[in-house]
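Take a look at the structures listed below.
In the two assemblies presented below, chain A is common to both, partnered first by chain B and then by chain C.
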Partner chain A sequence: MELIGLANYAVFIAILIGIYALLSLGLNIQWGFTGLFNAGIAGFFAIGAYTSAILTSPHVAGRVGGFELPIVVGWAGAIAMAAAIAWPIGRICLRFRSDYLAIATIGVAEIFRLVIKSEDWLTGGSRGITGIPRPFGDFDYMASQLAYLALVVLAVVAVYLLVERQLRAPWGRMMRAIRDNEHAAAAMGKRVEARRLQAFIFGCALMGFAGALFVHFNRSITPEAIDPMIATFLIWIMLILGGSGNNRGAILGAVVIWLIWSISELLTDRLPTEVAIQAKYIRVFIIGLMLQLVLRFRPEGILPEERRKEAAQPRTATNA
Partner chain B sequence: MKGKSTAALAASLLGAALIASPAHAQNQKIALVSGISGPIAAMAPAMLEAMKLAVTHVNEQGGIGSGGKLEFVVGDDACNPQNATDAVTKAVNIDRVIGVVGPACSGAVLAAANSVTVPAGVLMITSSGTSPQITGIDDKDLVFRTVPSDDYQGRALARTLKARGTEKVAVAYLNNDYGKGLAEAFKDEFESIGGTIAGYSGHEAGKASYRSDLAQLARGGADTLVIFDYGDGTGLVLLRQALENSFFENYIGADGMKSEAVIRELGADNLKTFFTSSPVGEASASLDAFNKAFSAAGHDPNAIFATTSYDAAFLMALAIEKAGGDRAKLSQALREVASAPGEPILVGEWAKAKQLIAEGKEIDYKGAAGEHEFDEKGDVPGNYAFFQVSGTTYEAIAEMK
Partner chain C sequence: MAVLDFINFYLVPGLVLGSIYAIGAIGITMVFGILRFAHFAHGDLATMGAYLALAAVVLLGANPWIALPIAMAAAAALAIGIDRAFYEHLRERPRIVTVMASLGVALMLRSVVQVVWGVDPVTYQRGIVRPDEYFGILLRPRELYTLLSLIVIVVALSAFLKMSKWGKAMRAMSDNPDLALLSGVDNRRVTILTWAIVGALCAASGFMLGVNTELNSMMGWHLLLPMFAAAILGGVGRIEGAVLGGFIVGVVEELSVLVLPGHYKAAVAFAILLLILLVRPRGLLNGKVL
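Coming up: the complex of A and B.
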């Protein structure tokens, strides 16, 4: 175990955590602050990933693309495309209440996944897209990873500040009011549907951005990456564990889950081989168990939503 | 108290690892990565066991270098890029492996090669990544595979059918990288040698009825249906419904369809016009040796990707021995030990190989799954035969070129 290896590994983990933190922040806007049960995260992640991939990758016969645009354009395109597709979906689906919305969004994400798997001319089908550039990809292994980490950290910090600012503004208080009692908010003259749509689009755009960051890191994308298990439900676990309604909680959840998944293996690999292999199955179990325990004993998550004093009074009143 | 004892345990585990490493300075470590959890969890144990058998053979017959052992760490790619890059990053950086055997799924191979092993300069040999995209990785000669690309089988099957006088076919494929990869290669080759594709469509797994898909395919007027699917899954349903309604006269499958479940379920009498292509191990002495050793270890030698997994791990070991543990020379060494000319080395013949390498002689590993003559992209061609149903099993009737 050399230090440089440890450092490389830490950088890698931090990049993935950053990408998942963005997804978790996006979901926090939707669920944590607005109460929208979006179970189609993988779909918007995929839209961002594929949009940026198509815009920046070199030409391949039989597939749309070969634009080879700068990566920044790919990222902007990913955000714009995820938002643009979220709009009509939100218009239709947001009329549903929470659990029905969950079912509708699962369906939408499955539609995206099947379209991506089937439409070769657009996405390369089940073979996916390769040859996607990575910023600073020509550097050494370590330098390239570090540079990418810097970009991801920059993105997460920028998004975090943006979201915090937005949620501390009157807009954020209004969203909470809608979440906690939409009839009261409507009676106060708030346009509930339009606000929900805003939150939905904002969250989906962030998920698309995360997809774009992911695809340039791996330089390739195949439908295996947008499996609901790894790209939807894992993010829900992160947010619930970290604390929905709290942006730092959303990031913390991403950190905790990836550390459990990845670092626990460093310890179990020191065990005898047979046990070490079995321990790999147990990781999946441990993550499920943690979710159960958190829901049972600390449903508000590790870092619960902050309630400022002036907000606390009206909330109890409206709940009564 | 509790916190303290946990910390002490962790410290002692780490300490043990640190103390253990300098004592075996000449040991070489490789990573065995497979889809332990996730969608191919059922296939992964046999693949891992086959890789471990190769490591056992190496260590029982003299190990690596002078007195060193071949060590391994096991990684789980869960058949997706996120977990594959995680597992491989850990293996490369924390365990400092010299080479990676795996990962299992094509998407996992693409991501792990592109973002970890190629930039880090680590050799990768996958035993089950069959996507043609793997051929195109800009890999600095560091990505190899012991399993043929789906491209080869599809093309070989197209040539064989044409040579047998089939001019017009319909193609039904399962919509995943296996089915589609075969179908595309088949279509491309069949059309380029003058055949006609009268129907071409993909289907999703797990539907109750494929009659409307079949009716659509039959409309093109072909009397032969080529099915790229799995014979113990959707392919069986598709074939049964096609036979029941006599949509076509002849049915052709690839290796996925060569399942005994098909004969058991449909009966040999109904399958007189059913043929499949399948890879065959050419060096049968080597394959026999593998079957014997793997059975003796208590595992099923016919498990999918078992032979290619053994070969991948054994080739990795041969390359390490040949390169003298020098990471920079590993891929060149791999090409030398895998390709002719040289003294043939069969499955399990580590001691012989080790001695020849020490004497500076050329060797040529002939594996359980084939001879593994890598082309410039690190792919192997694979050998295929054309099978018909005979009794309760399949019988090879022709070689496929």
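Coming up: the complex of A and C.
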């Protein structure tokens, strides 16, 4: 029995790692390749999660919804909603240095947290939304988990390949040029603001998609499901530790950090209750400290960004 | 009487809240102006300052207002230490990396507060204080002291920046760091001095919030958005701007309950922030844009 429990837990962890890998890839588009500081990742994740939940869940008295649309429509809705909220924010803030974007994204996450908590008619308030359908949900437990894992892995691989392809294309080269020297890129005729907006929206849409994948896995969502600061911060440390600017690094970071985070949770849960609560905050402290150590001693992460050939021969580089 | 009601129920609470925002926003605007990055640990440093004052109250049995200077000094030392440990080595890297480090520091400070003092709300003093009446205007002593503290802080800080050698050096570094360096300004010392002032101001703003409401581990984090809104609204780098911005954000937040449900107060600061970035990113008093 112990073995089956362990296998169940491993599959559960693997699914969450896949979802975090998507978030980390989304952040990599924003930070790793464009240099944009998104401090409201959990907000866009929650926007995606709630949008898909509302579109696909059955009717409950006193709450809007009961659309019971197909799950794929929920996903598309989640992506569209996250992008639609990212657009005006990016439009206003991307004219300035990324500090302003960081403040504004914190604002988005905070306000969406308020909306989730207080708008019962939309989000079910503190009761949240339940009865959210899951693809392959009618299989028996283990088969259903494995099928969902396959789905998540498929999503990660697909997103990874698409992003890699995009970044090897002239578009990716242009984005790195803007990140490394925006004035030079602007002088070459690149529309810096518009490109940054693209990257910001693209990243946020991916975060919304990750939220949708999470909500259909969990089958329910409440305001307590996501702690905005801790979730956002975990994704940041995943990307920085894994190697920002490197998609494989982003995925590796998600694996490493989520394993550390869940295993340390298993350990602290065994402590007596009085100590367990404090241990929870000490874990957060250690994650914060870890970021400082990585920034100081290995800022390029485990898998640094690959220096491509054209970077070594600037004179022969062609315009994108 | 309608005018007095307006003053007592909206304007006075708004100005008191605004003073708390202003004290924090002055610190934010100084880091933004002199060190040129958005300091996200500001709110949680304020939380830490508030709890340091609580520690002084509990340990010394002192009146909270006597604990305030102790907390300010401790927070100043803490801010210098944080700069030394976590920001200093990032100075040669793009500034946005320091912003990220400050977000990590925010999380660390908060978890220290949660481990040491727990997550349940506490207050400095128990009991209900009745407001005094001044020509029909109702003011509690703590509200009066909050407003007076802001005035003292602004006057002292302005005098320091305008008249003292180090104050001038700070303004020079804010205007043009390279030129300041060439003119013989010691950037490192100015940085340390800035952190000392900023840390003390953080503690003051956290303390004022604690005195007027209660202390909890998230108090500072919730100050962050209004403080940034106030600093940017007034104009980054401008002390008077931060005060003006703080008052506007505070009063508009209090007035917003007339049209919005009370729990959306936080959204007001966000709306002001986006609006000012949209129409006048330099702020009301012509500050810097990074």
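Just so we're on the same page, the second predicted complex is superposed on the first by the 280 of 320 C-alpha atoms of A that agree within 3 Å, B and C clash if a C-alpha of one lies under 4 Å from a C-alpha of the other, contacts with A are read in each partner's own complex, and residues count from 1 in each chain.
One rule holds in what follows: contacts are C-beta pairs under 8 Å (C-beta built on N, C-alpha and C of every residue); 3 or more make two chains touch, one makes a residue touch a chain.
This one's a predicted model, so the numbers in the text were calculated from it and none came from an experiment.
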Pick one for A:Ser118: touches chain B only (first), chain C only (second), both, or neither. both
In the overlay, answer first, second, both or neither for which of chain B and chain C A:Ser126 touches. first
Could you tell me if A:Leu289 is touching chain B, chain C, both of them or neither one (first, second, both, neither)? second
Once the structures are superposed on A, label A:Leu154 by its partner contacts, choosing first (chain B), second (chain C), both or neither. neither
Pick one for A:Tyr281: touches chain B only (first), chain C only (second), both, or neither. both
Given the touch rule stated above, what does A:Ala104 touch, chain B (first), chain C (second), both, or neither? second
With the two complexes superposed on chain A, say which partner A:Ala169 touches: chain B (first), chain C (second), both, or neither. neither
The intersection of the chain A residues contacting chain B with those contacting chain C is 114, 117-118, 230, 281, 284
Over in the complex, which chain B residues touch chain A? Could you list them? 10, 13-14, 16-18, 21, 36-37, 48, 52, 72-74, 76, 78-83, 85-87, 89-90, 92-96, 105-108, 110-111, 114-116, 119-121, 131-133, 136-138, 175-177, 180-181, 202, 204
Residues of chain A touching chain C in their complex? 35, 37, 39, 89, 92-93, 95-100, 102-104, 106-108, 110-111, 114, 117-118, 229-230, 233, 236, 240, 278, 281-282, 284-285, 287-289, 291-292, 295-296, 299
In the complex, chain A residues that touch chain B: 1-2, 5-6, 8-9, 12-13, 16, 114, 117-118, 120, 125-128, 130-131, 134, 140-141, 144, 217-225, 227, 230, 261-262, 265-267, 269-270, 273, 276-277, 280-281, 283-284
For chain C, which residues count as touching chain A in their complex? 32, 37-38, 40, 85-86, 89-90, 93-97, 99-101, 103-108, 110-112, 114-115, 221, 224-225, 228, 232, 261, 263-264, 266-267, 269-270, 273-274, 277-278, 281, 289-290
